[in-house]
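Paired with chain B in one complex and with chain C in the other, chain A is shared by the two complexes that follow.
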Partner chain A sequence: MISVDTNNINVILATDCGSTTTKAILIEKIDGHYRQTFRGEAPTTVEEPAADVTMGVVNAVTEVGELANRRLIDDNGNIIRPATDGEGCDIYISTSSAGGGLQMMVAGVVREMTAASAKRAALGAGAIVMDVIASNDKRLPHEQIQRIRELRPDMILISGGTDGGTTTHVVKIAELVAPAKPQPRFGGEYRMPVIYAGNQDAAPLVERTFDDSIDLSVVPNLRPVLERENLGPARDRIHDLFLEHVMAHAPGYEKLMEWTDAPIMPTPGAVGNILQTIAEQQNINAVGVDIGGATTDVFSVFDKTFNRTVSANLGMSYSISNVCAEATMPTILQWVHLEMDERELRNRVKNKMIRPTTIPQTLEALIFEQAVAREALRLAYIQHKEFATTLQGVQQQRTVGDTFSQQTGGQTIVDNMALDLLVASGGVLSHAPRMQQTAAMLIDAFEPEGITTLAKDSIFMMPHLGVLAQVHKQAALEVFEKDCLIYLGTCVAPRGQGKPGKPCFQFSLEGDGINEQGNITVGDLRCIPFASGVRAKLRVEPARGFDMGAGPGTAVEREVKGGEVGVVLDGRGRPLQLPENREQCRKSIEQWVQALGLYPD
Partner chain B sequence: MERTQELLMVLCVICLLPISAVGQEVDTDAGEAGDPASLRAPTEISAEDHPWDGGEEIELTFSLSPDDPKDLTSDDLVTYVVSRAGEYGGLYSEVALVVPTAEDYEQGHIVYTVQNSERGEPYFFRVQATTLDGRTSPYAETTEAVYSTREWFAGHRTWLAIVTALISGAVITFILLARAGIQLKIRKIAGLEAVSEAVGRATEMGRSCLFVPGVQDMKDIQTIAAITILARVARTAAEYEARVEVPTARSLVMTAARETIEGSYLSAGRPDAYNEDLIYYVTDEQFGYVAYLSGMMVREKPAACFYMGSFFAESLILAETGNSIGAIQIAGTAQPAQLPFFVAACDYTLIGEELFAASAYLSGSSEELGSLKGQDFGKLIVAVGIIVGCLIATYHELVNNGFFG
Partner chain C sequence: MAHAYTPGLKVSNRMRYRCRRILPIPGDVLVETGTTVEAQQVVAQTFMPGDITPLNMANLLSLPPADVVECMLKQEGDTVEVGDALARTKGIFGFFKSEYRSKVAGTIESISGVTGQLIIRGEPLPIQVLAYLAGEVVEVLPNEGVSIEADVSYIQGIFGIGGETYGRIRMACGGHTEELTQNLITDDMQGAIVIGGARMSAGAVRKAIDVGVSAIVSGGMDDQDLRDILGYDLGVAITGSEQVGLTLVITEGFGEIAMAERTFQLFSEREGDDAAVSGATQIRAGVMRPEIVIPLSESERQQIKEGEHSDGLLEIGTPIRVIRDPHFGLIGEVAALPTQPVDLESESKARVLEVKSEAGQTFVVARANVEIIGS
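On to the complex of A and B.
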């Protein structure tokens, strides 16, 4: 990280070089507060014929400059620094996911232990994990070698064994990688970067296993003891190698690296970074989701533990058929309140497969797309819950009271009741015509429990702010709070189930210009408009059998934020169960659509 | 003089004749009505074989004495002495003193089941009414022999038959359902789920897994269950390329364990990794065995310890030693006294029947899963029976004590 005098920073320029477009934003200090002011976008130019990522950056920055009436690029095509009146910026930062981002392969001894830690380290650093090699992955050595050969990752992370633990297994893994001689994706002449973050006793043996074709880096063990993870050194090394090897060999990145005042970060790593910063700063548990065309990223911070998963085959364009296959058509159809049969749904999926980048042109197409999005998000969240777990292989401390409640290690740490903030980003969520639609998709897919604030990333600014947080935390937090997030409102949903029509909870909402109270019955969904920026005191008294986080039937009080949608009072119960009968289900969904005003009549 | 004696004999015989002739009748003339000093005998008596029994019971029915005040609180409470003999007029022995119940008073007669009869032997009965102040009635007696016989079904065990039919039916039904491909849900047993976690820990730490199959021989069902679990542990260890060490206290257990582990390594596709020297006999002596295990655990510090089978005093010694060396410990025993020690000192414990259920849980075979489910159904019936019984008994007690006013 560079050292910057944060007091003298008034103009910040940030870009995110995506696979398709390069997005630039301008952050300026106005009346002592940092605000995002202008945004520009241009096609990414990493591929031929331009084959220089900086061209796209210059185009996007030029657009921002024109909008801001500020000259940011000089005559030589370089970014002007430092900022003077009407010209240049104080710092320039960038993230990148162009060319498929950072693709890694990880290996460990036991799939659920050191291999899982290695995967967490790689995902946390913003990588896409192509495969996990482990002693117990039920593949024979020749199959594992074949797989490593085929993958062509940008780098490999090897872990395994606690310090002083097994050396045999670790050396065996190294002996699988060495003969496979994996070839890097970019740059035929450079050596494959391999990070070793395993048992330190085995490091010399591992070093001896590899020849000159491998660029081996040894970092501290990411699982020095099974009770603790130490992912930091491995993540830092991944970032360094990303810049040294992957970025340096991608077209134009050498120049881009010279321009930036902070190391270029992989886009998902930057998103994770800002979410972690916010959760830490506000002492909250947060979940972020970015649903794309091919993949869906889920980020979570629970009790200061950060986790990220990439659901590689869950997306809204290229992966839509996979979403439909995994979720099944009848399940997707459950979310459609119109008369639409399975055949029609299939036709829509096929059309989308043929033209993946089209956006809905009719109301029916929008409803269908949002139904698929609900299932894609739900499946991605399930995968995230399965991955974000407590450590396995840890000795448990028991008392006789635990006789009938013994739980194994590896339980999920994702707790919807403890969730405070749910942030949405990605086309289908960010560009939904009505804010209510985004809120409804989030509520239906994630099923937040208790009281949860819902927000969306206005212009997919989180990556920029993630890298900015490393340079100027205050600026990143201010912009995140004021310009990045659009608060949708608050979801109030007790855990528990009951018969439709029976009491679910009582509520009262008192604050500036608002005074509402009433009862919500099981199956009801109600929205109370509640302006953004306003706060009010919410008291919820759940009925017997329902829990708002303080125990069944116990009332809770909390200060809640308003938003574009307002307060959504959800009496549908958790876990959310839709009626099995199609007609009943359709009626229920229609009732909820009306309650939230999701679509025009 | 002789003539007078003969006359008296004839008179006596004449007096006794009506009883023996009628058979099961009573000398009702004995004792005068309204005479406070005398007590009249029960007027009717009959005996017959008790139906639907194993041939040990005879049912005796006799009427109450006409002088019975029919009041349990009366000072003149009349009780009935039942005697039995192998031949009529033979040597009668007292078999019961029957105190009438309110129900008997209402019905006017008593039905008493005489126990401990020998099948096929003739029996004659007589009943005498007595009072607390020592007044007795003449005997009412049976004159025809009654034989107890054995029926093909013991009627008093009808409920047992129903319950057996229900449980057996449930077992068969569940087996058929499992065979038909219907998924039978069995709750997760944390101790078995944690096997891979424990073996994984040993693998990562480069240490061995210790498996202790109890201190009993192969005839003990707990040891057999332990060997079933050993198969799973060994298979997991083979997949993870970890080491499993099994010291035994019985030579037969060692042999069984060797065969089991060899099979597991073979099924995991790693027969080359099997090492029979890691499964060995230590001693039959309980504490000699425990001393060896404790010493070995402290020296070699296995990362995962499994205690499955029958354990006694050594349970806490082993579990505490394992805990002190930082091993993940999984225990399982059906010895109720040892369970608290295991629960407190081990990471996971298979409690009682979980140890036996492990076999079905691990194999997933339809027969075993079906019988496990059927047994659960049986336990449910027992549990419901206990609860309902308790409620009825409580209600009855409260009613008798005037709780409800």
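On to the complex of A and C.
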């Protein structure tokens, strides 16, 4: 990595090597401000015949160069640096999730406590967690050992015990891992990296358990006391090992690592970085989603607590068939207002799975893919809610006043009513031809309650900005504010259910050039166009049995932002339930499609 | 304009093929550089550490973990048989001793004084690696395996299930557009690699399993049929370990799609030759496609010249196949490569190309929706 003088940086080139597509963007300093100017993409080339990730990078960068009229690649296929008039860039950075990303196995003593913390550390670092081994995971020791032998993770994280506590249980976990001799995914040439982040008193005993076939690193305990997590050191070590071991063994990465001016980050790690920064700066609760070809990542920040989950087999290309298997085809077809042949669709889904880089060319194909996306997102969000919980095992002091509101540890901290900002990214959301389509997919899948701002990552730039923030924070934040987020608008949806046609809520919207009032009945969906950058005062008075966050039937007032779509008034109720009868359901969907202007007639 | 790169499947009448046959853990290599090997010859073997049985002796004998070591009758490295006494408590004044007898055979790998846990490892499990490719050993990786090379006809499929298998190429269909139906599978196809034309029916696959066919290769199949054969809906395309009774490979995709004529022609020319087939497909991480490898005989090597290989670049005249609707399965050549993105019917903006079909018609297709054929 070269040292970077941030004052002399005028042209920044960034790539994100996804499992399907490699995306390149160009950021240029214009009139003293950093702006994202051009983008290009090309299929990722980890597959034969290329089997070299840099080939896809060169193709994507070449496309950017053509559009920008700037030569970025020299005759030898290398990136030209530093920038001069009409040629090259000052720094080049990259993220990656190609080749399956970072795959880890984690182990802890108690599944709900140290093992859950270890899983959070691995996920926060951008990994896919293949399995969680714990003393109480309901498997017998020989079954656990067999499972460890079958897995071929890139690395293993072991945790367990609080500092100064009993050492026996965590040593026992190490004794399960050691004889299993797990094989690394990229062949037997390198030693399996194992990170120990448990009770520090047990560290010497754990060290003795492993032989030379394991590359053991000991880092501070990730749960030093039950009341507190300390995930930072374990995450940092995961990042280091990711670069040292995993990246170095993926096809072409050695070359890519030489090219970049900052360490390559796992894509989800970079997206998490930037989302945390926004939530912190604006003091809000935010949820971000990145739906890719193989996986769907959900990030959330509620009350300053960051969580990330990866739904390993929910995605729109490699994993599309799994989404259909998990959600079932009839559930997906609920979201489709056209008649489609199920047998034909099944074949199309499998064809997308085996040829993941294709895109929907017909309208029918687009409608079906967006229906699949709704279910993938819905399933991923359910998994996220189950995972993003308060710490378990923490002793709680209760008073008489808590008698009727006793809450145990392990409750989800995801509260759709408290959600302020919902950000969409990933191909199917970012590249949807109409903004309304992105908004509708978000609303249908996440079911935001109360008043929620919707935004999308304009051209899937968040990973690039996440890694750029490491090198040049000012550039990353400037581009994020000006070019990255596109505000779609605001969703207004009370919690509660009622009979179709009955009153749901009254609203009034007053602001610059806008003055709208009206009633929304149960089952209605309405969109009021409301330009981006404009602010207005929104008052919503829910009907009896409906709640906007202030209690059933209590009115709320809030200043809201406009956006490309406007204000979406959603009277369909929460939780959202579609009519069970297929014909009725088709009619409702058709009505909502027209209300939002989702597709051409 | 820069060259656009588009992946494609390899189909070659003659090419030098090299495969690495590696043991999962170090072991013995049984052949030397320069040796000519047969496809089903064992080239390397080893023993994988046996299964593990953990026994918590502290719990089993109601002892503090620290006392387990001194109560052991067998030590680390000792071999134990079923029924052997492993540990005995000291009892009270020499009486009331309790004993634990092993329920498994193996070797004691470790005894932990911290947890009181004993690890017994079972008999080593033998692992053999076959040559897979009939050819010459060109490299020996000591303790790991070998690289084998041969001149072969090579066909890469798009998707398969089942592991490696061997047999003779046997044509079942009269043309590349003919469906492979049950009546085309005959009893004398036992042990053969049966080549169909278009879609293979579920009936044909079932009959082939009954007959004992080694593998079926055809243009396409229905997802519903695949689900019936596997007994579950395949979620992620990571295959190769299925045990359905034979290996299946499709060369084009799912649905009613004919095998590319060139591929079918190549199989016809190689009919009767021995071949190796692998159905293993991994579309994520490490990308692996199913394949049919047909080593060439000395006389075939004299006759067949190596075809030209494309390097994955899309240019005017490049032969391509459309891999998504509309026009799924259409074969033609690139007629134009406009640089600027175009609005598709779905309203998406994408880079496109014009493809001229074999019938002479021209269609506009998204670049992402084609693959190069005959690379």
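FYI, the second predicted complex is superposed on the first by the 500 of 601 C-alpha atoms of A that agree within 3 Å, B and C clash if a C-alpha of one lies under 4 Å from a C-alpha of the other, contacts with A are read in each partner's own complex, and residues count from 1 in each chain.
Definition applied: contacts are C-beta pairs under 8 Å (C-beta built on N, C-alpha and C of every residue); 3 or more make two chains touch, one makes a residue touch a chain.
For clarity, every value in this text was computed on a predicted model and none was experimentally measured.
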### Message
Looking at A:Thr167, would you say it contacts chain B, chain C, both, or neither? Reply first, second, both or neither.
### Response
both
### Query
Between chain B (first) and chain C (second), which, if any, makes contact with A:Ile145: first, second, both or neither?
second
### Greater chain A contact set [chain C / chain B]
C
### Task
Would you sort A:Leu226 into first (chain B), second (chain C), both or neither based on which partner it touches?
first
### Message
So in the superposed three-chain picture, is A:Asn519 touching just chain B, just chain C, both, or none of them (first/second/both/neither)?
### Response
neither
### Message
Looking at A:Gln474 after the superposition, I want to know if it touches chain B, chain C, both of them or none. Which is it: first, second, both, neither?
### Response
neither
### Query
Between chain B (first) and chain C (second), which does A:Thr114 come into contact with in this model arrangement: first, second, both, or neither?
first
### Task
Starting from the residues of chain A touching chain B, keep only those that also touch chain C in the other complex, and list them.
167-168
### Message
Please output the residues of chain A touching chain B within their complex, sorted ascending.
### Response
109-110, 112-114, 135-136, 138, 160-162, 164-169, 199, 223, 226, 392-393, 395-396, 398-400, 402-404, 406-410
#### Entry: chain C residues touching chain A - in the complex, by the definition given at the top
1-2, 4-8, 10, 22, 24-26, 49, 51-54, 65, 109-110, 112, 114-115, 117, 119, 121, 144, 158-159, 222-224, 226, 233-237, 253-255, 281, 283-287, 289, 311-312, 323-326, 328, 339, 344-350, 365-366, 368-369, 371, 375
### Message
Per the contact definition, I'd like the list of chain B residues that touch chain A in the complex.
### Response
190-191, 193-194, 196-198, 200-201, 203-207, 239-241, 326-328, 339-340, 343-349, 351
### Query
What residues of chain A sit close enough to touch chain C in their complex?
19, 42-43, 45-51, 55-56, 59, 62-63, 66, 99-100, 103, 141-142, 145-146, 167-168, 171-172, 175-176, 179-181, 183, 185, 187-188, 205, 294, 313, 318-319, 321-322, 324-326, 343-344, 346-363, 365-366, 431, 433-434, 600
